[in-house]
Amino acid sequence: MGALFHDPILLAIVLGTNLPFLSMAVILLFTRSNPKLSSQISVGAILVSAVSAIYLLAKLHCASPLQYQTLWFSSDKLLIAFGYYLDPLSLLMLTIVGVIACLVQIYSLGYMAGDPGYSRYYAFQSLFAWAMLNMVIAGSMLQLFIYWEMVGLASYFLIGFYYEKWSASQAGKKAFVMNRVGDVGFFLGLIWLVIGFGNLGIPELNHAAATQGLPQHVLTVAALLIFCGVIGKSAQFPLLTWLPDAMEGPTPVSALLHSATMVAAGVYMFSRIFPFFSASPDAMAVALAIGTITMLLSGTMAMVTYDLKQVWAYSTVSQLGMMVMALAAGGYFAGVFHLTTHAGFKALLFLCSGIFIHEFHTNDMRIIGKKGGRRLKIPMACIAVGALALSGVFPFSGFFSKEAILGVLAAQPNKIWLAAALLGAVMTAYYSFRLIFHLLFPKDGIEEKQHEEHGHSSHGHEEDHHGYIFWAMAIPVMILAGVSLVLGFVEHPIEHFLIGHIVEAHPVAHGAEHGGGEWLMIMGVSAGLLGIAVAWFEFGRKGASRKGFLSYFPAVWKLFDRRWFLDIFYRKSLDTFVYGGLTSLFTKNDRRVIDGGIDGICFFTEGSGRLFSFLQSGMLQYNLLMMVLAAGVAVLYLLF
Amino acid sequence: MEMAGFPILTAILSTTILGLLIIIFIPPEKTKLIKQVSLASATVGLVLCIWLYYAYDHQKGGLQFVERILWVKSLGIYWFNGVDGINLPMMLLTSIVLFTAIWTMWELENRVKEFFALIFLLVAGVYGVFMSMDLFWIFVWYDVSLFPMYPLIAIWGGTRKEYGAMKLTLYLLAGSALILPAIIYLWVAGGAHTFDLFELQRIGFSAFDQKMTFIMLYLGFGILAAVWPFHTWSPVGHVAAPTAVSMIHAGVLMKLGAYGILRIGMTLCPAGAQYWSSLMALLACIGIVYGALVGLAQTDLKYVIGYSSVSHMGVVGLGLATMSVNGINGAVFQMFAHGVMTALFFSSVGYIYDRTHTKIIPELGGLSKTMPIASSFFIVAALAGIGVPLMASFWAELLVFIAAVKVFPVGGIAALVGLIISALFMLRVVQRTFYGEKNPKWEHIPDVSGFLAVPRVILMSIILFFGMFPKIMLDVIQSTVIPFVNRF
Amino acid sequence: MDTAGLDILNQAGFWAMVALTVAGASIAIFPRNILYNVLGLALCMTAIAAIYVFLGSLFIALMQFLIYVGAICIAIVFAIMLSRPLHLEMPPRPASKVAMATAAAVLFFVAIVGVVLKTDWTPSAARVADSSLWSVEAIGRALLTRYELVFEVISLVLLVAIIGAVITAGLSRRLSS
Amino acid sequence: MNSLSTYLIISALLFSMGLMGILQRRNLIGMLISVELLLNAANLNFMAFNRFLAPDPVIGQIIALFVMGLAAAEAAIGLSIILALYRKMHSINIERAQRLKG
Amino acid sequence: MTDFMLFLPELFFILGAIVFFIFSLRKKADPAAYHKWAVVIGAVGLLVTVAASRQGGMLFFDCYRVDLFSQVFKVLLALGTIWVIFSSGELKGIDPRQHAEYYFLIFVCTLAMMMLVSSVELLTIYVSIELSSYSLYLLVPMRRKADEFVETGIKYFMVGVTASGLMLFGISLLFGMAHTTYIPQLIQTLPGIISQPATIIGLILALSGFFFKLALFPFHIWAPDVYQGSANQVTTYIATASKMAAAAMIIRFTGLSAGASPGMIKLLIVLSILSMTFGNLVALIQKDIKRLLAYSSIAHAGYMLIGILALSDRGYASAIYYAAAYLVMNYSVFMVIMKLADDGHNLQIKELAGLHKRSPLLALTLMLGLFGLAGIPPTAGFMGKFLVFAAALEKGYLFLVIIGMINATISLYYYLIVIKAAYLLKPVNELPAVQVDFWTRCMCVVLVVMTIYLGVFPDQFVLLTEAAAKTLF
């Protein structure tokens, strides 16, 4: 206890990461009925977290990794440590999470105002913040896993926040279960490591992997299993469909959890034990393939949806796929940097969309555009900034990170990955600007009259508390837009900060950065511009069809729109194998065979009672006969 | 005669018996007084158990607070009580569940006196089994704890109560039909005419004796531990039982089975346990997956919990089957965690059932709107059931699976898959019961009052407490388990 | 007569008595007329009494005759008269019942004969050929020493039987009052 | 003639006939008569053992004597029960007394 | 004088018999007074028996042995008798004009059984058992208004005399083989000649008479009918006191073989299994409580035999313990039945409905009694079963013990049905509360305490039974 107060760093960690938990507890237990107080507590707590994160980043800027550790418990030879591991990566992530969470919570003050579940919302937000912050600085894989699960839990609650909507609770459940599938793999991977290696400390693992301290079979199997966790959490290929559904949650939640931070946890975990993963080329190859597939698949999905949030959701999946690609291709910095920039601009995009949704009460981009979405100048400008960043247009942050990734991929011997990434970039730009153009240039112009009415009604609305609500939402958005603008220019400091100490241990991580040349930059930019151009051609220019070229291929449209039938496949197989198959089979077995058997034994017993009771007939002589016969048989038995 | 100071274990036991006696002499009309007396004596028990837990020296380990008096000379029966790391958590669990169960039943109006008297009798048996170190007494208490179940379910129960009560009682006592011969067999085979567990352990048995008695004990106790395929009494019984009985039953009684296997079977017949361990693991793994899958198809809340218990007790069984420190640590921890968790489950379902008079999932729905607090208790329990970290059961499952994957890789992995299903089915229940549109039928129902929330909050905080500080429990458990396993 | 002749006579008498016994027993159980049965029983008892003579105890033979023929058979006759069973309808006997009864009886007979033949019957080592032991005095002495208790108890038995018979048969004085 | 087995076999015969009577006679008095045969068979055994094996011939005789006494008492009780039954049931056919069963 | 003292309990019961014999001669019957007299005599008789329980010695030219074994059983007999007499206050099942005879026969029967357990001579044993049987033959048909049950008496009688015929035949064979009627001498000679068929068969046939008394399969056939058909008090007497003597004699006779005959042990095992299984299975479907208890008694005979056939001191001791426990528990149940059916009718299970409200104390007594019979701890019945099984397992009869336990489970079903009726069923018509007088309350408490005490603190009783078993041979 004493150490806590003598060590400001530890104090900052403990306070910064655990205050949100305290705020959650306080809100749930005491201040449920006072929404205002609840939000203040929660925002206060997350502010402290953000500040302490920044403080830690500043303080430990150039220090070597710092580790705090204490024994959580031990069982047999298994020692489970509880500890914090502060290295550049975790500090960076801590800051990202802290800042974005803080911004989102402030934003929510406006967005969620008046919601009946206001207190609950902030409680779960705090829960999430607590879990996420702790996960980021966890010192061991097990601890990471624990908070990883807690993050999933918070996500479950927040997705299902509007639980009276069936689809929301369904989406929450789906997210949890799909994550669970990945997590079981992750869990098994950890068990595998415990058995094979005996230690789950992150530095220890990385060190052992880097120095070939781990047997290859343990390592590969463990890496693949742990990668299952990444697949689940970061919505990679087979398990990607939960994330679009997760948009059932309130928009700030989507911004925070399902784009910027939580889903990035998979990628974060990947980079956390990057040396460990990279010690297993097989696992890396699998990850690369999965990342690529994910990126392309979700890109296609984003191209056909009209739902504002869905677009960004698919885009998130796609970008996560890209990060995985980068990491799997050995681009440690590229991945992490893209994670950083993506967190900024994707949160920006969601929050902007949130303002539209809040204003127009719809998710459909066509309707928003028609109702005059572009009148909301600040969000419109910011969403454009975000889309530019996402499309990788210079000088927005996305440009820098995407270039870094392309550079890594270009260094791969097989150029197909690079091609795929470029294709992905084109798609990204296309769907982003498809959305932007939909908002800016709606199909039949803005319905003035309707807008008048609407504007009128919302005018009073605005006058009442538009000020507070609007600015609560707008300020974070503007901050984020600013971040997206400048973040790209600090690439090199971040790179230095991140790689500085790893570079010796793992040259690949660094070396790949410089694989690209000028032409790569040109290709990247032109891919983005190509996408924008196509979007302009189809949606932006005067007299454009505003239909999108995919609508000429209905089959493809349907394929993309139905998410490549993945959901249907899951639903069907769940229904067939689990509900229809095993469950009903086992239930029947339970009722009929086991219970039936037991009841049968009872019936048999009682039946034999009835049967035996005939021995006791009313006729005395038959009874006597039985008695004498039995005695006679006994005598004969004894005789022989 | 060995007596170490104040006989605290006997004192704990006598809180229940005293409670029982006092209740018998209170006129049945004074229900309030009866409840107060019950709660008071349960509180005393709880306090003593907590003190016991605190006072147990886990550095030293081994058997502490020993009370040993020769009871029946010619048979070598001893009044021999003691606690070690295995039964100490169980004692604590019992006192917690008893305390909360009594509090939960505060609104009972029908035949109050008999109800609490029988509850105390039941719990006396449970305490007895856990604290006793003499085979004879273990068996006696075991049976004592079983037979009050019949009236408790048949009088105060719900769905198909008489069938459930009869089935449960007969089923469980059929289990004891194997246990008693096995116990006496050990007594005979020991040759020293003693039922003292540790004497017998010192004597040791031949491989054949061990194999035979172990399987008898395993099947006998396994029935109570709801080992697949002997589990069908458990859902039926839970559905039929009133809330407090379900709590005690699923929370504590089922543990008696696993505890019996560990305490008698594995202590006295290590070679037998080794011999049968693959069978144990197989049945346990089937139970884990099977329980979750069948639970998926249930429409009655209590059936769901009943099947989840089957699944979770499978984890205990799997832990025991590994015969390793981690596995047994995990198993004991899981017993505790599952006990608290199901108590919370049944406690929250009990409130819902008391108010809505239904526990059929399709008839409920949207309860979160009308009774958010009551719902949140259930949801927390469900999360614990899923094995969400920082809830006590997570650690238990972690340890068990570490051991299981090591010893029985295939079974362990298969059982892990069961975790996915268990998540699916818990969330499905939560979604259908608590989420969705508000059901106008239940609109007028008040939420849990602060008074009635207390026991549930206690259970919830215990789950979280031991989820965050597993060391407090694991240190105690393994102080005994490590020497225990070293004997194999 | 010489001893051989006496012996033959003895033999013949013995077998005649055996035959009478069996015949009496058969009459006692087979005919459906209950009076024949009683007479058969009396005959059988008498023949057994004679066999007891062959076994060396005239006293017991006498007692047999007295008690069975003189008391039991007479009592049965009285009972027959009281219950008038002669007028009862007699449906045919179920053949299966007779067959099973016969089977059981034969089984028992076989079993006991088996026992008799398979057992090695050895006389007591302490056996003394003292004819005084066969005297009635010896019986009387034993009755008052070794069997004193039995001797006293049997009186109680008879008392119980009398009281019981009286009340059961409904002849109690109080019942009529 | 003077062999033990002869007597024993006669007694076995008597015993079996008694059993047979008990098992197949419907007339209660007939059954009672058969019971007397049983007792006599045992008595014959005692007398035979007495004659051939026993150290002291008094024992067998006395047993036989007492058995006779008991048989008389038994007959009295049996007959009285039969009479009582007759008065209530108006029959002494055992096959009519089948109310109690199962 | 010491002889007199040794015979004192028996003398006391003779006195009782004489008193009631005199009463029976009086013109006017006074049942209430008879009951008081009987209670006093019975109670004093119990005290005398208890006082004489530590005595030992031989009487009547070594025909009669007074030792701990016999005295323990005498105490049990006296206890059973006084209990039955105690419950005879409302003897509605028997014509008031016959009450004097009823008590007379009860006393005689007890006396006969007391003599039975002390006799060590075959003829004495035979005469005693006949005396007790005759008393019972006469008690059974005493039932009034028994049109339904008229056949009971004759059935009992016929089975009884057949069994006694078999027994006598067996005794004759034993006499033929061993040349003696003294049990101590038999004990010495029998092991030498046990291989001869006549010995072992004689023993088995001799045992059949006692099996009949104990209602062991296949000699059980009278039990259901007699339990159902005789007056409640008489049934109680048959079910409690008379079982004690039978158990004692089976112990004595089975012990004669001294374990030298595997065939006989196998036979006894088979009988015990059949008895348990048959009794329990058929009891499952009974509706009349007394009939149900009859089948349960058949099953209990099987359990008791498990202990006996272990043929060890522990086995005999366990059987004695079992018998004592059985006495207490069975009487508990019967007392409740007698109290509830105070007009002397046969109680059906469904008539128990609502008992817990009509009289909680009686319901509790009934429940504990039934749980005791089912062998659930911490009742005396459990301890009895435990001891019996322990003794059998010591001899390695694991299979037998498992069957016994399975049977105990089956039996629980029908006991639970009765308990369910008492505690759960709602009566069709609301019945008034049962009037339980002070003495009955006391008796209930005594029975409950005994049932529990014997189960929880068995030590001294076990030691006593073991000491008693040691004096057997």
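Order as written gives the chain letters A, B, C, D and E; numbering starts at 1 within each chain.
The criterion applied here is as follows: contacts are C-beta pairs under 8 Å (C-beta built on N, C-alpha and C of every residue); 3 or more make two chains touch, one makes a residue touch a chain.
Source: prediction; values computed, not measured.
Enquirer: Considering only chains that satisfy the touch condition with chain B, which of them also satisfy it with chain E?
Expert: Looking at chain E and chain B together, the chains touching each of them are A.
Enquirer: Quick check on this structure: which chain has its C-alpha centroid closest to the centroid of all protein C-alpha atoms?
Expert: Nearest to the common C-alpha centre lies chain B.
Enquirer: Of the other chains, whose C-alpha centre is the longest way from the centre of chain E?
Expert: A
Enquirer: If you average the Cα atoms per chain, which one ends up farthest from chain C?
Expert: Looking at centroid distances, A is the chain farthest away.
Enquirer: When the C-alpha atoms of chain A and chain D are each averaged to a single point, how far apart are the two points in Å?
Expert: 96
Enquirer: Could you work out how far the Cα centre of chain A sits from that of chain E, in whole Å?
Expert: 77
Enquirer: Report, in whole Å, the distance between the mean C-alpha point of chain A and the mean C-alpha point of chain B.
Expert: Those two chain centres are 37 Å apart.
Enquirer: Return the distance between the CA-based centres of chain A and chain C, expressed in whole Å.
Expert: 103
Enquirer: If a residue has to touch 2 or more other chains to count, which residues of chain D qualify?
Expert: Counting only residues that touch two or more other chains, chain D contributes 15, 18-19, 22-24, 26, 43, 48, 53-55, 59, 62, 66, 70, 73-74, 77, 81-82, 84, 94, 97-102.
Enquirer: Which positions in chain C are in touch with at least two other chains?
Expert: Residue numbers touching two or more other chains: 97, 100-101, 104, 108, 111-112, 114-116, 118, 121, 124, 126, 147, 150, 154, 157, 160-161, 164, 168.
Enquirer: Chain E: which residues touch two or more other chains?
Expert: Within chain E, residues 123, 127, 130, 134, 137-138, 141, 151, 153-155, 158, 162, 166, 173, 176, 179, 197, 201, 224, 282, 285, 413 contact more than one other chain.
Enquirer: Throw together a list of every chain pair that touches.
Expert: A-B, A-C, A-D, A-E, B-E, C-D, C-E, D-E
Enquirer: List the residues on chain C that touch chain A in their complex, please.
Expert: Going by the criterion above, the answer is residues 97, 100-101, 103-104, 107-108, 110-112, 114-115, 118.
Enquirer: List the residues on chain C that touch chain D in their complex, please.
Expert: 10-11, 14-15, 18, 21-22, 25-26, 28-29, 32, 34, 37-38, 40-41, 44-45, 48, 51-52, 55-57, 59-60, 63-64, 67-68, 71-72, 75-76, 78-80, 82-83, 85, 88, 90, 93, 97-98, 100-102, 104-106, 108-109, 112-113, 116-117, 121-128, 133-134, 138-139, 141-143, 147, 150, 154, 157-158, 160-162, 164-166, 168-170
Enquirer: Residues of chain B touching chain E in their complex?
Expert: 71-75, 114, 136, 139-141, 143-144, 147, 150-151, 154-155, 162, 166, 169-170, 173-174, 176-178, 180-181, 184-185, 187-188
Enquirer: Using the touch definition up top, name the residues of chain A that touch chain C in the complex.
Expert: Listed in rising order, the residues of chain A that touch chain C are 621-622, 625, 628-629, 631-633, 635-636, 639.
Enquirer: Give every residue of chain D touching chain A within the complex, in rising order.
Expert: 19, 22-24, 26, 94-95, 97-102
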